[in-house]
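There are two complexes below, and they share chain A, which is joined by chain B in the first and by chain C in the second.
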Partner chain A sequence: MKRKVKFDYARWIFVLPALVIVGALLIYPIFSSLYYSMTTKHLIRASYDFIGVDNYKAVLSDSNFYKAFFTSILWTVGSLFGQLFIGFTAALAINRVNMGKGVYRTLMIIPWAFPSIVIALSWKWILNGVSGFVPNLLVQLGICSELPQFLSDSGLVFLTLIFINVWFGAPMIMVNVLSALQTIPQEQYEAAQIDGASKVQQFWYITVPHIKIVVGLLVVLRTIWVFNNFDIIYLLTGGGPANATTTMPIYAYNMGWNTKLLGRSSAVTMLLLAFLLMICVVYFTIIGKWEKEDK
Partner chain B sequence: MRRKLAILLAGTMIATTILAGCGSKDKGSASQEASNGTTEEESGKLEGDITFWHSFTQGPRLEVIQETADQFMKDNLDVKITIETFSWGDFYTKWTTGLASGNVPDMSTALPGHVVEMMDSEALVPVDDLIDDIGRDKFSEAALSEGEKDGACYSLPLYSHAQVMWYRKDLLEAAGLSVPTTWAEFAEAAKALTKDGVYGCSFPCGSNDLMGTRFLNFYVRRGGGSLLTDDLKADLTSDLAIEGINYWLDIYENCSPKDSVNYAVLDQANLFYQGKTAFDFNSGFQIGGVETNSPDLVDQIDCAPLPKINADDPDHGAETSNIPMVVWNNSEHQDICKAFIKKLYEKDTYIKFLDATPVGMLPSITGISDTPEYQKNETVQKFSNAVEVITDAMNKGTAIGYEHGPSVQAGFLTSQGIIESMFQDIITNGTDVEEAAKAAEDKLNELFLTVQ
Partner chain C sequence: MTTRRDKIGNVFCHIYLIILAVVAFFPLVWVLLCSVKTSGDLTANPTRILPKHFTLENFLHVINELGFAENIANSLLIAISTTCIAIVISSMAAYGIVRFFPKLGSIMSKVLVTTYMFPPILLAIPYSMVMAKAGLVNTRIGLVIVYLSFSVPYAVWMLVGFFKTVPIGIEEAARVDGANKLQTFVQIVLPLVMPGIVATAIYTFINAWNEFLYSLILINSTEKMTVSVALKSLQGAEILNWGDMMAASALVVVPSVVFFMFIQNKIAGGMTEGAVK
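Let's look at the complex of A and B:
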């Protein structure tokens, strides 16, 4: 005999506010973007028509889209690698410090605490190709014969942006990795030492397994944030010179705000969403595997 | 009988006065307005809250606008004016996003390019009644036509200025050079003055701003051409345009900081303010910038008309900016907006407003510039030559692309960064000039199709 399950209204009532908020803030924008991506929606015109996948065809046949896409990949990989390396190294170093750890941690987190606009304008000022501190210092020290153009030389500008993003993002990695490092029981290191494990072995067999899930989650989050980063690049170079620093968010912005073709801009953002979802699936599959291994 | 009537009349007057004295504050202010030339009937209509967005972000201009609004609210106690200030860039973002949701102000400032888009999206109401009220003949016809559609005016200029050539007198004098009148002389002088940490002239082409388009337009317009054809197509491949592109590339190569490939308007102006460039192109706003940044240099700057291609070419106008006021269709209190705008044009208020940025903002209406009150400003006196040069340029020029009348295409020329990207492409990637010009022209024309 089948047992009748009583429907529990109470729990649905409790989660309803959260569902409504998530629906309004997350699901609605996604579906409205999906819908607009199939229309001729214009930023300031009231009427628009349904055009199916024409916007996707137009975007996918634009060579600038692919250029922006690959610039975004390079931007994300370069920034993430730099942030992880610096953040991880700084965390390991501070973890060894016994006195004034809090002070070091606070000092290193400072870049993360600044708003993007302040960071962008400060760097713009420091790297200004006429009166900037760094270019003039390099000339005075005899390192460069003429003022280096960090933000306008096509050979330097991308590396400069990555450097700034690493400077900005590494402290966040550092703080999180440091927190994870501090949860590792010291007894494990002591036991390993007694067993004759080298420093590298201790790092590889004790430290890494303990922090890899935290690092994995950080990589997922930072990938999304860095890939979608708009403000720092836009404020520093506007995507120039000659689209050398135009990433996908800037490409989408120009499409929506300059040309006002919101429909086409929505198509770009939907493609962006699909790509990031794919990346997340890969990342979470790997993290899930690690978690299973741990258990 | 006559005595009885007189007593009755006097009694009525006394009673009216007493009742008026006991009446509400509104009526009191209404009487005050009546004495200021506004009828009670009119003041009775002014009741409600309005929002005014403007882009006068600098201190003195901001203060004058706020003081005028405060006075207006004092005179009309049932009116509340909320002022919100945005930079031009933010303003554009605010109104374009706000339009769909109805979140736009009751009245605002705008740029000529914005007005065309606002008219195109039916966001504004005609202001012909207000223009007639102030005096249509006081405004320049060309300035009014920038906000005209189907015979109705949707904007009226609050102040005007024009782009002219600014130079450093001391540097020219030290090099034994005279003020250039042709582009060839200009290039020669700029190259000669590029030394000792000073650049002859910076050529800005950051894609976030319109500066590259502006500079190319100077060359093309002074040669009698246009960046748009008569049927409103982009024209970057004409002989004149190609010549202009090559001209500015030569200036960039020989007289400009290399960073200027990413410069926006303020980056460019700052170089001149700080005495790092010998020449620049700007309106009278240049004076305030130099005064603030390098007060020692104020006596060393002056302006002249934009160079021509040949000295004996006709004096073609280039770029004039008439900064308009508009009333939004969404407003429930258009009468208040119009009354407040009218107040801004009252002689004393208007001169006080212009005095906030002397020579930078020149009057858009007649009957102001020759008044002693306007003339007594020290900067106006000191830079009387600049006032003359800019006024002359102002009367001859139009907004970029408006030589064919207001159009969305003209707005696209300056708002897309396409011409700037073209310059960047040539400078950075070494793309062939004609090839890059053709690509930019095609891109603009493709965009123009989206608004047809």
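Let's look at the complex of A and C:
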């Protein structure tokens, strides 16, 4: 096809508004954060000074920062593992059964639509240590002798949060894996069956190769999302009891809006971004390899 | 030819799915049931599942006394504005990427994916400062602008998948008939991808309606609060009134769930497809 010599401006008009939005609302703030992370910017005071990497030094020598970092890792790995396991097995089960596929799918997808504040309030009420449904049920069934305090007992709170995050995130994995499963041609399974392949073999040699790129991408998206998530923990526990559930975003928020050190808070968020970038480079290298193998 | 083993496997699958479905579904049911309970029913021991005295008192209290109707109006206004702006910008961009920038398009898509990586808490700091400078703190317009930051990239990503399904032949025919790029886009392409656009719009709406962090940071007066932050402030009251909180929660979550039901088939794969293909 022959290109017009005249500069084709019409096509740029289509993408320009979106580029402006991305530039102004995403690219610019990153650089401005980078700048503020090297200043003494305060939430209320107007004046601030440039102090180089002092904020980073202060953050990196704060033991609470490392604690928040490890809490974040635990929170991400725990939630991700749970979401993948439940989402994946649910998708396989729905794909297998003949009756009620649509009903199961519809019911299971509900948590995905929940606003984080309603996730927090509904679970806080269900798990309430006095009149909550679940604690009372556990006592009535004789599983617990006294009402368990799911959200304030430091031994239980972390597992409770992960459970709630799995409840919320598994549907997304389930739906995406299910739609990937449905793209696998049935003939491949039939052919494998004729050749005498077992169910386990069919799973490893037909199902897994077909869906691994989708699953890989889901893992990337979910890792980023869970790692960055602020709402669920902030609204359920506020990072407590005694910082037991303070992840990096909560730590950064407290640094900025409670301690009022916005500059130092920016330094925390830049470190957060740097860490995510590293993780994503690793992920995308792996997925890139898989894509090459496919071709 | 179902064997005995297959049958047992199926039964286990059903049991597993029923358990998962109940757990997934339960909080919604519980919120709805508790929203129509009296305070006596709520704290009854042993726990009462169904309300003994059905009451709409909680809803009336939340709407009339706590001004929740105002918060709903704010959230509606903000979410609808965000959706309209985002959809116009994103449909154009998605079409542009698919049709005019086949090579640059994959780079643009990657940039969009990358933006997903930016921690909202990182963006919150510059946003609050820029909004303060622009005099947009504590305004609904400010919040709409900020919401575009996550709506647009996501909508573009989803829409690229839908626009790819439009065969180029149809467009070429229109071009031969003398339609320019914009006419082709509006008259030929848009109607074809309308179902996809509607689904994307609903998803954008739900996300804006559900948003919490930016609303918490940028809005501080009660009359401008969105539903999420207003709900959060109920939680900070001296005496926790769970009946109120459940009624308000029901008002917030039911629209999200209902809308979500409409688009559940479209949303599947929408997130990964854009990047895979």
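To be clear about the criterion, the second predicted complex is superposed on the first by the 275 of 295 C-alpha atoms of A that agree within 3 Å, B and C clash if a C-alpha of one lies under 4 Å from a C-alpha of the other, contacts with A are read in each partner's own complex, and residues count from 1 in each chain.
Note that contacts are C-beta pairs under 8 Å (C-beta built on N, C-alpha and C of every residue); 3 or more make two chains touch, one makes a residue touch a chain.
Bear in mind that the values here come from a model prediction, so they are computed numbers and not experimental data.
In the three-chain model built by superposing on chain A, chain B clashes with chain C. Which of chain B and chain C touches more residues of chain A: that partner is C. Judged by the touch definition given at the top, the superposed model places A:Ile126 against chain C, while chain B stays out of reach. Contact with neither chain B nor chain C is seen for A:Phe88 once the two complexes are overlaid on the shared chain. Looking at the shared chain after the overlay, A:Arg45 reaches chain B, while chain C stays out of its contact range. Of the two partner chains, neither chain B nor chain C is touched by A:Phe65. Once chain A of one complex is fitted onto chain A of the other, the partner contacts of A:Trp75 are absent, as it touches neither chain B nor chain C.
Looking at the shared chain after the overlay, A:Trp257 reaches both chain B and chain C. When the two structures are aligned on the shared chain, A:Gly238 is found in touch with chain B, with no touch to chain C. Using the contact criterion defined above for the overlaid structures, shared-chain residue A:Ser152 touches chain B, although it does not reach chain C. The single stretch of chain C with clashing C-alpha atoms against chain B, selected from 92-100, 128-136, 146-154 or 182-190, is 128-136.
Looking at chain A, you'll find residues 128, 130-131, 257 touch chain B in one structure and chain C in the other.
Interface residues of chain A facing chain B in the complex, by the touch rule stated above, are 42-46, 128-131, 147, 149, 151-154, 234, 237-244, 254, 257-261. Across the complex, chain C is touched by residues 8, 10-15, 17-19, 21-22, 25-26, 28-30, 32-33, 36, 41, 86, 89-90, 93-94, 96-100, 103-119, 121-123, 125-126, 128, 130-131, 133, 136-137, 140, 167, 171-172, 175-176, 178-180, 213-214, 217-218, 221, 224-225, 227-228, 230-231, 235, 249, 252-253, 256-257, 262, 265-266, 269-270, 272-273, 276-277, 280 of chain A. By the touch rule above, chain B contacts chain A in their complex via residues 93, 96-97, 99-100, 117, 120-121, 123, 199, 206-208, 257-262, 264, 271, 274, 276, 415-417, 420-421, 424-425, 427-429, 447, 450. Within the complex formed with chain A, the residues of chain C that make contact are 9-10, 13-14, 16-17, 20-21, 23-28, 30-31, 34, 42-47, 89-90, 92-93, 95-97, 99-101, 108, 111-112, 115-127, 129-130, 145-146, 148-149, 152-153, 156, 180-182, 185, 206, 209-213, 217, 227-229, 231-232, 235, 242, 245-246, 249, 252-253, 256-257, 259-261, 264, 267-269, 271-272, 275-276.
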